[in-house]
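Before anything else, here's the structure in question.
We call the chains A, B, C and D, going by the order they appear; numbering starts again at 1 in every chain.
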Amino acid sequence: MNKNVVKVGAISIGKEPVVIAGPCSIEGEKTFIDEVEFLYSKGIRLVRGGAYKPRTSPYSFQGLGNEALQIIKKAKSLYDIYVVSEVMDPREVEVVYEVCDMLQVGSRNMANYSLLKEIGRQDKPVILKRGMSATIEEWLLAAEYIVNEGNRGVILCERGIRTFETYTRNTLDLSAVVAVHELSPYPIIVDPSHGTGRRSMVISMAKAAIACGADGVMVEVHPEPERALSDGEQSLDYSGFEKLLNELHSL
Amino acid sequence: MNKNVVKVGAISIGKEPVVIAGPCSIEGEKTFIDEVEFLYSKGIRLVRGGAYKPRTSPYSFQGLGNEALQIIKKAKSLYDIYVVSEVMDPREVEVVYEVCDMLQVGSRNMANYSLLKEIGRQDKPVILKRGMSATIEEWLLAAEYIVNEGNRGVILCERGIRTFETYTRNTLDLSAVVAVHELSPYPIIVDPSHGTGRRSMVISMAKAAIACGADGVMVEVHPEPERALSDGEQSLDYSGFEKLLNELHSL
Amino acid sequence: MNKNVVKVGAISIGKEPVVIAGPCSIEGEKTFIDEVEFLYSKGIRLVRGGAYKPRTSPYSFQGLGNEALQIIKKAKSLYDIYVVSEVMDPREVEVVYEVCDMLQVGSRNMANYSLLKEIGRQDKPVILKRGMSATIEEWLLAAEYIVNEGNRGVILCERGIRTFETYTRNTLDLSAVVAVHELSPYPIIVDPSHGTGRRSMVISMAKAAIACGADGVMVEVHPEPERALSDGEQSLDYSGFEKLLNELHSL
Amino acid sequence: MNKNVVKVGAISIGKEPVVIAGPCSIEGEKTFIDEVEFLYSKGIRLVRGGAYKPRTSPYSFQGLGNEALQIIKKAKSLYDIYVVSEVMDPREVEVVYEVCDMLQVGSRNMANYSLLKEIGRQDKPVILKRGMSATIEEWLLAAEYIVNEGNRGVILCERGIRTFETYTRNTLDLSAVVAVHELSPYPIIVDPSHGTGRRSMVISMAKAAIACGADGVMVEVHPEPERALSDGEQSLDYSGFEKLLNELHSL
């Protein structure tokens, strides 16, 4: 099937594989600017950073919200980067749209059709993560909720499905990369951080993703993963991220 | 653990088992009023009726929306019933609240925390369905998103989880009834219509649900299931529903 | 579909619900005889007792093997009981056949077709447990491996399937009871001990099983579950078992 | 962890990635010899070929059994190859051992502990496939049933796990490759034929497997897949297999 190429500023997603990197959540201005400085020095232009975080427990850190959006604005004024951040509520689409270059719909909201339609009315690209137990068909139909409203910048993201296995946080379904390419025109990236939940597996699975044709990977990076406010156990530290880039370049 | 009793008008949920019944979606004024007349004649006071329908495909019938809410208002003016209807969008909470006696959060939105929090600020009971692949712990934490905002009228609804089995639409997890009673104070009802996806299984599974302690069942009923705009294959017809009531009364 | 009735001595399975009870494994002569004495005093004629135990770890207790078979022979000489015990190996069929009244194929061996065929050549009834992730169709086809060799005494046993849920050991799929009755002539019993993995859930789920039409339940009973060599956490003690019988009789 | 290297004649598994290829089942002497000739001409020394086939339905082709073993003997006399074939029954171990260079335990028999122990007493390598819903821990414990009897030539094979997804036959869990290397000394190969059930996905997933560190792949090849007696839809034809080799060599 003819494949879409989605433009994010100067970057094209759907041609050469891209790397999207950044912290799970934005934890403060200095930390995030430092992270961006590091990533930018490694050639990364597509940066992830959570402002609104959907957390299983209401007692977990929920993200800095609007404060994080201001930090993103600041970082973008200092570095020539494009930022993607998650939206959880149709009423937040407008404020995230104003600041970010791409919107993200998380796994928990893949079937939040009100949100999908609201994002479908925007003219910025969107990363649509696969629901935790969504079939590939359901995922593609969720994408149509966006596309039908006019937004053609859909990028799918495989992030692992829920199975009985407990060694990994999820089971990364790389065959979904091939299936999506067979069945639809959307670019598809892979998130080996959530897909495995284990730092030690991220690089290997990123390589596998690219090997089977993924249009990119999205990974969590943190200067001190063990002190991260969320997802530390699956975040690469800086030297781990450099290793990832080296290994991907040598593919 | 001490169990909550949730009042919906004159009805208490959490003491004697209740039966909630009605069509999957409201398909028109005459049809719905006829359905209510039938259900009321059988002693049913708690009526379900979808106005906003979350559908996997954007091309499926999406519910009558506001028109359905007006039909509910009409039916409530004619019969002494309480109506529960699903909310999918935090921006719709207000209009559904105005008309209905209970709000429902569907399976796809169990982890839509913005919606949960908005509903948590209302003072009407809410049925929180289990997510398609949610663990019991995640489900109870989702309930806390509601309760923490002040709304203590949470009723959980087991509606089947996703497994590899294809004969049934979902796998109804009745052990969740016992687990919820062990772990939390919430009443829990069971939806054997979605839980099995097969009309022929609804009565047997409803009986099993009550036998293991469920606080009620919620079933789909339609005068002509084969002509229903949604979920016909799992809806009871009128004689099937009468059989259900008889079998539950003889337990 | 016309339902088979399977005779085990004086007992018919497939008419009134039966209760099969006993320890997970036979742990010694005195213990087992005491257990049988207790069960028999409660009216139980169908006794379970493992001789050969399939264990996930080679370092776990593997059953007493032939010694257990001798103990079964002794118990049968003292009490008018029928004993069912698991066979794991086609080469063991003969010795288990000699002593026991029913053979059992465990979950791990549901697709061990060599074993199924060997058992198919015997003239004693067999309990065929559902594989941990077997579809209902695969399970019925496994039964045909037995029936095709001539043995028509197949009784199916639902014992929970594997899902992502961790609160329970397995997810008991009671809709399988209804499905099996719709699709096949075999009696089907339910094992709520393995199906939940939690003693506190066994009685409720046994009641649910009977309520939806199961032809019986099979439960693990141990005088001191906390000292059992296997499956203690899911075994009822004697007073728990008496409670189970009372609750089933009042259904 | 130190990794085992398993020798099959002149071939070492656990160092450079290997390719094991051949038909799902041996369908006749001429066909198999032709297949071997083709594979050998492409440099393949490790050939798969089923003699005893475990089939979900007793009405499906069950393999040629002993006749197939004679065909393997013939092929080995003509070409310098090593053949792996599945054993399903402890009583068949001896005859398969006599003819084949490696034994295979299929997914359905991963927890057939009697079979594992019998194979553990042999001195030829064994490929142990992961059970359809086995956790990695259970799989490693199954391997210990073999190793504890003295056979240290265990090679694990990831072949997909069972999930709710229906587009693929199974969900290939490539993170298991990384996990097995983290947790155990065993070489691990990947079977993308069973893992996906779709010919069009085999090459991509084979590349992904090697990219994340698999010690080899095992693929089904058939001169005319659409006429194969089993697994045709997931078998590569000859030109597909040549493409696979080219793509793997260019990694």
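Remarks
The rule is simple: a contact is a pair of C-beta atoms (placed from the backbone, for glycine too) under 8 Å apart; a residue touches a chain by one contact, two chains touch by 3 or more.
Everything numeric here is computed off the predicted structure, so don't read it as measured data.
Looking at subunit B and subunit C, the chains in contact with each of them are A, D. Of the two chain pairs shown, A-D and A-C, the one joined by more C-beta contacts is A-D. Each chain gets a centre from the mean of its Cα atoms; the one farthest from the centre of subunit D is B.
Measuring from the averaged C-alpha position of subunit A to that of subunit D gives a distance of 36 Å.
Centres computed as Cα averages put subunit A at a distance of 48 Å from subunit C. Shared contact sites, meaning residues of subunit C that touch two or more other chains, fall at 133, 162-164, 166. On the side of subunit C, the complex with subunit B involves touching residues 133, 135-137, 161, 163-168, 171-175, 177-179, 182-183, 195-196, 200-201, 204-205, 207-213, 251. By the touch criterion given at the top, residues 54-58, 88-92, 108-109, 111-115, 131-133, 138, 141, 144-145, 148, 162 of subunit D touch subunit C in their complex.
Every residue of subunit C that touches subunit A in the complex is listed here, in rising order: 162-164, 166.
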